[in-house]
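Same chain, two partners: chain A is paired with chain B first, then with chain C.
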Partner chain A sequence: MRLLGLIARRLIWVPLTLLGLVVLVFMVSHVVPSDPARILAGENATTAQLVALRHEYGFDRPLPVQLLRYIVAVIHGNMGISLYTETPVAGEIWRRLPATMELAFYSMLVAVGLGVPLGVAAALNRNSWFDHVLRVVTVSGLAIAAFWLAILLQLLFSMWLGVTPVQGRISDFGPSGVTGFYTIDAALSGDWSMEIDVLRHLALPVATLSFPAMATIVRFTRAGVIGTLGSFFVDYQRAMGIPRRVTVWRYVLRSALTGTLTQIGLVFGNLLAGAVVVEAVFDWPGLGQFAVNSILQSDYNAILGFTIYVGVMFVAVNLLIDIGQVVLDPRGR
Partner chain B sequence: MGGRIATSCVGAAGDGMIGGSDGRFVLGRRELALGAATLSLAGARTALAGGTGKFVTANNNSYDTLDPHVVFDIGRIASRLNLYDALVRWTDDPPKLNMWLAEKVDISPDALSYTFTLKDAKFHDGSPVTADDVVYSIERILALKKGAYGLFSSVVNPGTTKAIDAKTVRFTLTKPYAVFMAVLPEMWVVNSKMVRAHEKGGDWGGGWLASHEAGSGSFRLAHYDPAVGFSANRFADHFAGWGPKYLDQVEFLGILEVASRVLGLEKGEFDALDGYTPYDQIRRMRGKPNVQILAKPSLRTMYFIIHNRRPPLDDVNMRRALCYAFDYDGFINNLLDGSVARNAGIIPDPMWGAPKDLQGYTYDLDKAKAALAKVKGSLRTLTINALGGYPQSGQAAELLQSGLAKIGVTATILSQPWPVVDAKLGNEKLSADLIPLWRSAYFADPDNWTGYIYNSKQIGRGNSSFFSNARFDELTDKALVLVKQEDRQPLYEEASRILVDQAAGLFIYNTNYYGAFDKRVRGVRYCPIGDAQDMRWQWLA
Partner chain C sequence: MSLLGRIARDRVALAGLIVIAAIALAAIFAGQLATFPQDVDTYHTAQRLLPPSAVHWFGTNQMGGDIYSRLLFGARITLVTAVIAVAVSVLIGVPMGLVAGYWSGFLGDLLMRISDIFLAVPQIVLAIAIAATLGPQIQNVILALSLTYWPFWARLVYAETRNAKSEIYIEAAIALGASPWRVMVLHILPAIAPSIIIRTSIGLGGTILTASALGFLGLGPPPPSPEWGRMIADARAFLPGAWWYAAAPGIAILILVMAFNLLGDGLRDVLDPRLRRHGSPKGASFD
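Right after this comes the complex of A and B.
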């Protein structure tokens, strides 16, 4: 019941947080003295054309009215029309969502799948050569800019070794599957050559995105495990003759992961931000690329839509993290 | 004067500007007295089995919509050029206006009525292209008020275009408009029955046409994903027929990152890049064994907009001082490594109407100081509004700022994104003193660079310089109502000279087009309007 109460309390804040986000981003995006009607109409637009467009899209209304209309529309699932593509923003986001989610999912999988064991290994072999090498790697992971790493990987694996494609999500247009995750859709269709092609396309973007995420997870897991290893309960278990392997992986890790879990929430946010750059470099047809396009075209509605999406994802992931922490650490209940 | 009809024919497969000249055969040609050259492709229906596979182009723009009537830019022109046809079409360099869906045009003596007779052409669903489709297409443009609407709105009123019969359509203009033929290539003809069937709530089928096509173009849409691009298969029944070699499939991908486009071409994932590849990358690719570069003069001039009404820039001597204070050679040869060509006036030199002997300004600080000494009003700090994200614009601003400092004029540079600058254009109070930017070929007619952006009637719209000159207006107005190119040409030449004499703008260079292609590519026919993305001529060796 306490867990349900916690979830309920967190959920109450979700709409308020999102409302604040929408108001903030709406106001910031409208401070820029740009005329969306001119963007929409193009360079050769006539005055009549501009007036008609301003009226059609409500740009001639006072800003508070525009904000209110926008909030009401968003509540109804309508994020407006993209000024550049002239299609519904919600549809654009929905169409691109699987590409970004697939990229984010595999990046997190790699980051957590490698980061946690490596962090534990570094903690257990503290100050060994392995720990020192891993420290250099993780510091590099945190320091290297994503776009630079992406280009380096392209040069090495695509241009010199020729083992991965330079860009894209698939060699042709994607499978007409149900999930939008090409790895799953290709598997469901039984087309294994397509599956390999999809994985080859995934390799470099996932490596680029997961590297800094993994570095963070390694650092926090290592610190958490080292801290927990000095606890009395570990000494007690050792005295009781419980095998080290069991102590570390069943008890120490559970306690140490609470800090890592918090970081995973933050890493996910960074991962979404990083996806904007990585998707642009690898021409990954996801939301990151959509965001870049929107910013370049001063497409207010699209920028707002993307920001709301990121906000929702961030809030949702952090809600899950909060719940996960309570599950892992009974003290939180 | 009624329009005489000329027909000339070009087969397909291109003239091989790069990589050979296979497949081109001209069946006959007579120049039109109208000045608009016409080509007919009837008789060139050489449909041989010559498919050469799939051709992938990496483009710097995404294909966010396929609706041909809501966009009007070069970046996304591939979907319009390859999926749709218009009554007339630009090809080659210098651009030639060819009869396309139209067999012939009759122009009334008062130049108000244009009657087109259509060829036997089919849409991709097999239905014939009719006059009703042409009428629907122009009405759709006028109703949507988007894309190329601005080109037609001042001369074509809704409801005035009539289908005389299934093959004859008549446009009735509100006033003589010599540029009408030049802007018609942007009036893409859609299958009216198909679009009507998908209309919802008075949207003219916009919701559907954004992601589908209803055209008669050389290629038929196969796949479309706005986040990726589109692919299209050859339309074997295209009215223009096909040459001995052609592409089976074309694919256009929106690849935003320059490095990814370049690496993809070098690796063989792409066969061509768009025409906006930075020159340093072009220079680097020249040495690559599997890449060939096509370099052609383009029709895009760089210049500074000068606010001609705001003191002290309302004084011609002040404007001349600015023009003498800019280091043209330093900018073109040092900063841009000679990748562009000096253009003394605003009309690109390859375009007719550009005076061949035009003497532009040179970098001469003594003359600048002499002109400055004649300025009657007081000087002040000038504001140069550079375009953020366009390094050349910023470099030009800094170079002018430096030159002005040497003659005792101070200038500040304000760098802002294009949408912000654009929003202020045409606003006499908000627009900056000087804006370094480009004028592209929206239509291949001298009016695009003269009357449209300097005639006083365009102030607040195309004329963002607030330039006003009675003789210039007279010339450009008169040129719009004449039909023959030979009659119009001297008017534009004089107009161009006036702009230079009055220093209405600071004119710098004409852009070159650099197209990067895979070595196997043949038959490219570059046209400044559309770059080299009209794929019906190209094939792979």
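Right after this comes the complex of A and C.
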């Protein structure tokens, strides 16, 4: 029942929030007076051509009307025409989405897969040298600039040691694929040398992106396990004679894992944010690189389309996580 | 014991505070401490890309500018940007959260929905959109950062105010006839102040990272400004040869942000060790 109530409430608020985001983005784009018709038409357009272009794109309508048209367009998935490529922004975003999703997925996998066990180990061995070393590493992980870490790793592993490629997603042409995830598509097509190539290209970007995420997860997990270890029911279990190992595996981890879902939600936002600069450094052909190139080309339509798109993704993921939390947390029922 | 006294006893907070003070002083006295203060905007390409030496402690960049000196002046940019952006966000968000939390109901809900809109995208994404549209200048970076950070404070203070309102001493104050303003400013605000102070420190660290990312992307103050993020971006073209050029600003960022994080962690232990560990993207709670 609570679950249905949550979903119902969200289904009302989520579209309104996204609508608000579109309005906000529209306002941001119109703060600075610029003439998109002139940008589209180029330097040598005549006045008549500019007037015609403005009419065609609706730039000559009053602002509220433009806003309404923009909202309707966005709902239909049309985020405008790129001022640079003159092709639809939405299409470009769709094409690049799998690259970023693959990067985010593996970074999340590494961050959680390594972070949770490390956090648990640190909590169980509190104040040991391992705990202290891990603490130093996580504190640095949260203080390091992602773009700088990317450059450092690239310098060390690609340029000096030569074990990983400097940039890109793959050396040659990508696998013809179904999922868009090169790791899956290459495996499906049985081309193992391509698979290894893909993994080598993934290594540094994933390492960079997962590092701060892992730091956050280690810290949260450690705090969560320490909190649970001190709780009453754990003492009760010990008093009953249940060995510590069993207690840890069954109960402490379960609480730690419920917290993990929250952490994934928090971390996802940081992953998206980090992806922008990491893709820039590694020339990864995803959404982040799209954003950076659009900045360089002053392609405002593209930047705003990107912002809306990320907003939709972010809100959707948060919604899923909130639902997941209600489902997983028995205390909520 | 005074606040400073308690901070001094916590070694972690003290270390952070000392580092921040050192960097702030270095930034203020950059003109005196820099070995080549004129290198902020002059160039002498005869000395381009020299490795670290006794003359140029961190080497030189592609214009022959001394990196150490430019770092010092860049510290000014970093600190000013972060402090103003966080101050503006706090000054907008905290009162809004207080008012909305106190008179919860429609006003509170409306404020939270507006905050949700801003928080619907990761901060840097919206900041990029704002800074890119407005143009590469330091004021626009500060504006973009403030506009994307105030909702975090509004939500935090809203939730904390609502919690505080249910405390018995607040009820008592209201029952005694204290005006809402009096209750908010004299009673609730001091109760939530520790939480705000801690997150301000950690938030300054996070803002420095976001601001330097914007600088890296070319959205910060234009060249020849010695902004740290832009220095790293410029250094990329000269890798792997001139590694010192990329290393120095990054290490500076790391040290400064770590100092703010450690100060925040230490403040958390000092101000209220029993403080409920709220998780948040800007300041993971931990011990």
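We adopt the following convention: the second predicted complex is superposed on the first by the 315 of 333 C-alpha atoms of A that agree within 3 Å, B and C clash if a C-alpha of one lies under 4 Å from a C-alpha of the other, contacts with A are read in each partner's own complex, and residues count from 1 in each chain.
To be clear about the criterion, contacts are C-beta pairs under 8 Å (C-beta built on N, C-alpha and C of every residue); 3 or more make two chains touch, one makes a residue touch a chain.
It should be emphasised that the depicted structure is a prediction, and the values quoted were computed from it without experimental measurement.
In the superposition on chain A, A:Y70 contacts neither chain B nor chain C. Legend: residue contacts after superposition of the two complexes on their common chain; A:A223 is shown touching chain C, with no touch to chain B. Contacts of A:A48 after superposition: chain B is touched, whereas chain C is not reached.
Applying the stated contact rule after C-alpha superposition, one finds that A:V292 touches each of chain B and chain C. In the superposed pair of complexes, A:Y106 makes contact with neither chain B nor chain C.
When both complexes are overlaid on chain A, the residue A:Y84 reaches chain B alone and has no touch with chain C. Contacts of A:T17 after superposition: chain C is touched, whereas chain B is not reached.
Of the two partner chains placed around the shared chain by superposition, chain B is the only one that A:F282 touches, whereas chain C remains out of contact. Applying the stated contact rule after C-alpha superposition, one finds that A:L272 touches chain C and leaves chain B untouched.
Overlap of the chain B and chain C interfaces on chain A comprises residues 32, 151, 154-155, 159, 280-281, 292, 296, 298. For chain A in complex with chain C, the residues that touch the partner chain are 13, 16-18, 20-21, 24-25, 28-29, 31-32, 139-140, 142-148, 151-152, 154-155, 159-160, 216, 219-220, 222-223, 226-227, 262-263, 266, 269-270, 272-273, 276-277, 280-281, 291-292, 294-296, 298, 300, 303-304, 306-307, 310-311, 314-315.
Across the complex, chain C meets chain A through its residues 113-114, 116-118, 120-126, 128-130, 132-135, 205, 209, 212-213, 216-219, 229, 232, 235-236, 239-240, 243, 246-247, 249-250, 253-254, 257-258, 261-262, 277, 279-281, 284-287. Remark: chain B residues 62, 64-65, 67, 70, 72-73, 145-151, 153-154, 206-207, 210-211, 223, 225-228, 231, 253-257, 259-260, 263-264, 266-267, 269, 389, 417, 419-420, 422-424, 442, 452, 460-462 touch chain A in the complex. Listing the residues of chain A that touch chain B in their complex gives 32-35, 38-49, 52-53, 82, 84-87, 92, 95-96, 99, 151, 154-155, 158-159, 162, 165-169, 172-174, 280-283, 285-286, 289-290, 292-293, 296-298.
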